[in-house]
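Some structures to go through are shown next.
Two complexes come next, and they have one chain in common, chain A, joined by chain B in the first and chain C in the second.
Let's turn to the complex of A and B:
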């Protein structure tokens, strides 16, 4: 064996050793998060599917294997379809209101208006309030007999529009969706604002020199640079809407006559009120599949537009 | 070496996480001595208590509010005095969420030692799952009102001890009745006339918050009983005659909708929540005149607006001409019933606590302060209201227990949902009753 070979073997050995050590460090850093993720997400998803193949009350030891019967029953369940429809209504409403409103509020915060600091806190307030408090507050606002909203409508001469907002099947879901949007718009405002702060001032200066108008500056500088955060927000908003639960539970409990049921509230009702753990699990698992498919589509769409750009 | 240190650090972190995630093990007597952070949760503190000598902790879940909550607390104090080594961790829960809270605790293997229920189908679900202890041997059955004890007795075994009972009358505002020259109705037609007079004067006849659903169910239960007689429900429930889609039920549904169309209930009843007090506010502000509600309304009034009590009168739901029911057949129920969880580690102490909670002393206390009828025999009523109520109960020839607590949960839910839909005028009575019957066929088959 020549000396040269010996040296190169040596370096390979050293490199290998170093690589080994790196792997361990990497594993060491990843493992804690991965274990938590594994137990609470991956394992839970598999267990949900496992439970969904049983007819089981959730409180006793008597589990009857029924295969995919729960899913067959689910697809024939009108309330489940109503809840999917409501979930998608919420998704669309969230995308169409929360993001634009968040963006407008974020832009307003940059405008040179006196007292903007105050408005920054005011705009952010809804997101800081506890959801249950918001729910109860809006129950009273929407109240049909002495509610604030009806009083305002009366005050501006629109008595004809007065109704019992969350007591009527036709208006209940919209009333709750409006509340959800009110609560979450400030969250996106903060995300957008944080990104806008990071946009270099030079770009705007250059635009000024070129004589760009305010709208042109927004269209050609702010918006393109906000695009990644808009996509992230859209994903957050869609996923959040698909698994939404809180305000529905507090404000309507899924009623009247199941008209505001979402997948999550229906799952809760089946699992914990009706003691159908198996059936509830099949709803949960369907929720997971739907959210998963939607996310994949968004990500694919994002990649293709990026590819084109 | 630096990297090695990091590895060790990570390893320790992982171990901590794993240890934290593991199931809580009450035989673990290592003594969590380094819990100096003050963040000891309930579980930890009870573990500590057990390992620190012979101190035992029992957990008790109840849903009482106001004066009856105090009665429970006093009972617990008496129990602790008699058992100096035992402390009771009392946890008050909110009415509606309580139901799911308990099933989660039961299913998760960490239930309270002693818990509240209403007896009936809901408690039976847990009994069938072998989650409730048979306390026949420790309970003195002769102490209790027979009808009250029956809601927690299954196959001759006692699974819970009752404290109070309630009947559901129609409460009304005496001042408003006087103002419009109205009198307590004898027949259903009288009631309809009252409704008409009140709506003509812009007063909502019945305050009702029906997002909670069981509140509206009272009207359906009464109307069905008044039309179909006291055996109607039992026949349908035991599958021995008429069913849930019987004409009497359909007729009752029609009468509910008739009332809704007359404007007998507030706008948007299905969006109003009893627990946040929306119906009671209407009563207190005198924008509504009547309310069909359990006797616990008196407890609510004393807690929320004591001066209103002077105006509060009650009558029994009137009979319907040509119907099989009678005015003195009441809808009622038993609450609270206290039971012991099968999984408890201190079964004897827990049973003793149940006996203290359902003692003559607690029942007397609760009757006189909170306005409920005692389920324990021999209580001397001081409160004129309760005296009157208990006389009503004693003179009644039949008692109908609440459907939603008597029926198995799944069927109860369908009953509640369809009744809510009836109030919302979004379902025909025939269809609503057919749905209940379809579920009944499925759930009640033996």
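Let's turn to the complex of A and C:
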């Protein structure tokens, strides 16, 4: 063996040793997070599917394997279809209310209005409140007899519109959607505002020289530069709406007569109220599949628009 | 930015949104000082006096127990999340290895997973571990679901730290652990603030795990406590409003003290995520 070969073998050896050492470092650093995440999230998803193939109350040990029967039953379950429909209604309503309202709020924060600091502070407050607190608060706002909304309607002479907002099937879902918007619009306001702060002032100055109107400035400078954050917000809003639970559970519990039922509230009801853990698991696994498919579609759509633009 | 659109309609719009966002808070706050009789006769008027009776009632009813539980769970979870998420992000951001990308994506996917999909297995697992109805039982899931966004934020942030820093340290024979702990971690302060704020808000207000994994009043967190008050008080609406006010107060106070930090921190986390 020549001396040269010996040296190169040596360096290979050293490199290998170093690589080995790095492997242990990598494992050591990632392991704590990976184990907790693996047990509570990854393992749980597989187990949810496993449980969904049983007829099982969750209390006694008696688990009867039923294959995909729970899913067959689910496809014939009207309440489940209602809940999917409501979830997608919530998705569309969230996109059409939260994002535009958030955008308007963010734009207002940049206009030369006196007291803007106070406005901004208050605009953001709903996002900090716990959903349970918001739910309880809005129960009293929508209340049929003395509720704030009805009191205001009376004050401005629209008594004819007064109703028990969350007690009636026709209005309940809209009342809840409005509340969800109230809670989340401030969050998107913050995201939009953070991006607007980064738009260089020179762009607007140049537009001013060209004599652009306010709307033109918005359309040809602000909006295009906001596009990436609007897409991010849309993804957050869609996924958030598909797994929504808290507010509905607190305000209506899915009622009246399942008119505000969502997949998550129905899953909770089946699992922890009716003790159909197997059936409930088939609902929650379906939620996962739906969220997964929608995410993939959004990401693919996002990629293709980026490719063209 | 909107200089061209003239002032008055704009101001009216701003004022309208101000009222819509602010009025529920004002009503909640003012109602909390009323007596039940006063509320019945004039539910939406200004209170006759600022009586603290409702708050005294809350103090007698274990309210501060819920408060303490929420504080413990939130603080412990956030600290652990910061530590282990920052650690996991270190190799993901700064070392090359074959599974780097797949592991990062696996963590990232966690952001779209509905909590409900994991609810039954976590419920059963928590029971088996003997952690049902304890604060410890909540910390595990809270950490697990806070990891994805935290790791994404930390990894993005660490990628921007110049490589030269650690190369010189490596020359001196510095181990990865020391490198991480004494060079990288101290540089993460802005990212740590973002991660802490983002997760604290979410864990402080978390509802579904607390609902499923705890049972006794003694181990309930604030959102569960609020719901219990709502059930028990039913007719004492000013009492409920006092509970809501007190429950919302901590985050609102912190917000008014460190507004700029919280707002930019939240935005930074989500924009990058």
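Rule of thumb we're sticking to: the second predicted complex is superposed on the first by the 272 of 309 C-alpha atoms of A that agree within 3 Å, B and C clash if a C-alpha of one lies under 4 Å from a C-alpha of the other, contacts with A are read in each partner's own complex, and residues count from 1 in each chain.
The definition used in the following text is that contacts are C-beta pairs under 8 Å (C-beta built on N, C-alpha and C of every residue); 3 or more make two chains touch, one makes a residue touch a chain.
Remember, it's a predicted structure, so these values are computed and weren't measured experimentally.
Enquirer: Following superposition onto chain A, is the placement of chain B relative to chain C best described as a clash or a fit?
Expert: clash
Enquirer: Between chain B and chain C, whom does A:269 touch in the aligned arrangement: first, second, both, or neither?
Expert: first
Enquirer: When the two structures are overlaid on chain A, which partner does A:291 contact: first (chain B), second (chain C), both, or neither?
Expert: Once the two structures are laid over each other on A, A:291 reaches chain C alone.
Enquirer: Name the chain, either chain B or chain C, that contacts more residues of chain A.
Expert: After superposition, C is the partner touching more of chain A.
Enquirer: Where does A:232 make contact in the superposed view: on chain B (first), on chain C (second), on both, or on neither?
Expert: second
Enquirer: If we overlay the two complexes on their shared chain A, which of chain B and chain C does A:112 touch? Say first, second, both or neither.
Expert: After superposition on chain A, A:112 lies in contact with chain C alone.
Enquirer: Does chain B (first) or chain C (second) touch A:256, or do both, or does neither?
Expert: first
Enquirer: Once chain A of both complexes is superposed, is A:146 in touch with chain B (first), chain C (second), both, or neither?
Expert: both
Enquirer: First (chain B), second (chain C), both or neither: which does A:223 touch?
Expert: A:223: touches no partner chain.
Enquirer: Does chain B (first) or chain C (second) touch A:123, or do both, or does neither?
Expert: Touch status of A:123: second partner only.
Enquirer: Classify the contacts of A:193 with the two partner chains as first (chain B alone), second (chain C alone), both, or neither.
Expert: second
Enquirer: With the two structures fitted on A, what stretch of chain B runs into chain C, 127-135, 163-171, 271-279 or 343-351?
Expert: 271-279
Enquirer: Which chain A residues contact chain B in one complex and chain C in the other?
Expert: 25, 29, 32, 36, 39, 58, 136, 140, 146, 268, 272, 277
Enquirer: Please output the residues of chain B touching chain A within their complex, sorted ascending.
Expert: 3, 6-7, 10-11, 13-14, 17-18, 21, 99-100, 103-104, 106-107, 125-126, 128-131, 204, 210-213, 266-273, 276, 278, 282, 287, 409-410, 413, 417, 420-421, 423-424, 426-427
Enquirer: Which residues of chain A touch chain B once you look at their complex with the stated criterion?
Expert: For chain A paired with chain B, touching residues are 21, 24-25, 28-29, 31-32, 35-36, 39, 57-62, 136, 139-140, 142-146, 163-169, 172, 252-253, 255-259, 268-269, 272-277.
Enquirer: Going by the contact rule set out above, which residues of chain C touch chain A in the complex?
Expert: 1-5, 7, 10-11, 13-14, 17-18, 20-25, 27-28, 43-44, 84-85, 87-88, 90-92, 95, 97, 103, 106-107, 110-122, 124-125, 140-141, 143-145, 147-148, 151, 176-177, 180, 201, 204-205, 207-208, 212, 222-224, 226-227, 230, 237, 240-241, 244, 247-248, 251-252, 255-256, 259, 263-264, 266-268, 270-271, 273
Enquirer: Quick check on the complex: what are the chain A residues that touch chain C?
Expert: 22-23, 25-26, 29-30, 32-34, 36-37, 39-45, 47-48, 51, 58, 101, 104-105, 107-108, 110-113, 116, 119, 121-133, 136-138, 140-141, 146, 148, 151, 182, 186-187, 190-191, 193-196, 204, 213-215, 217-218, 222, 229, 232, 236, 239, 242-243, 245-246, 249-250, 263-264, 267-268, 271-272, 277, 280-281, 284-285, 287-288, 291-292, 295
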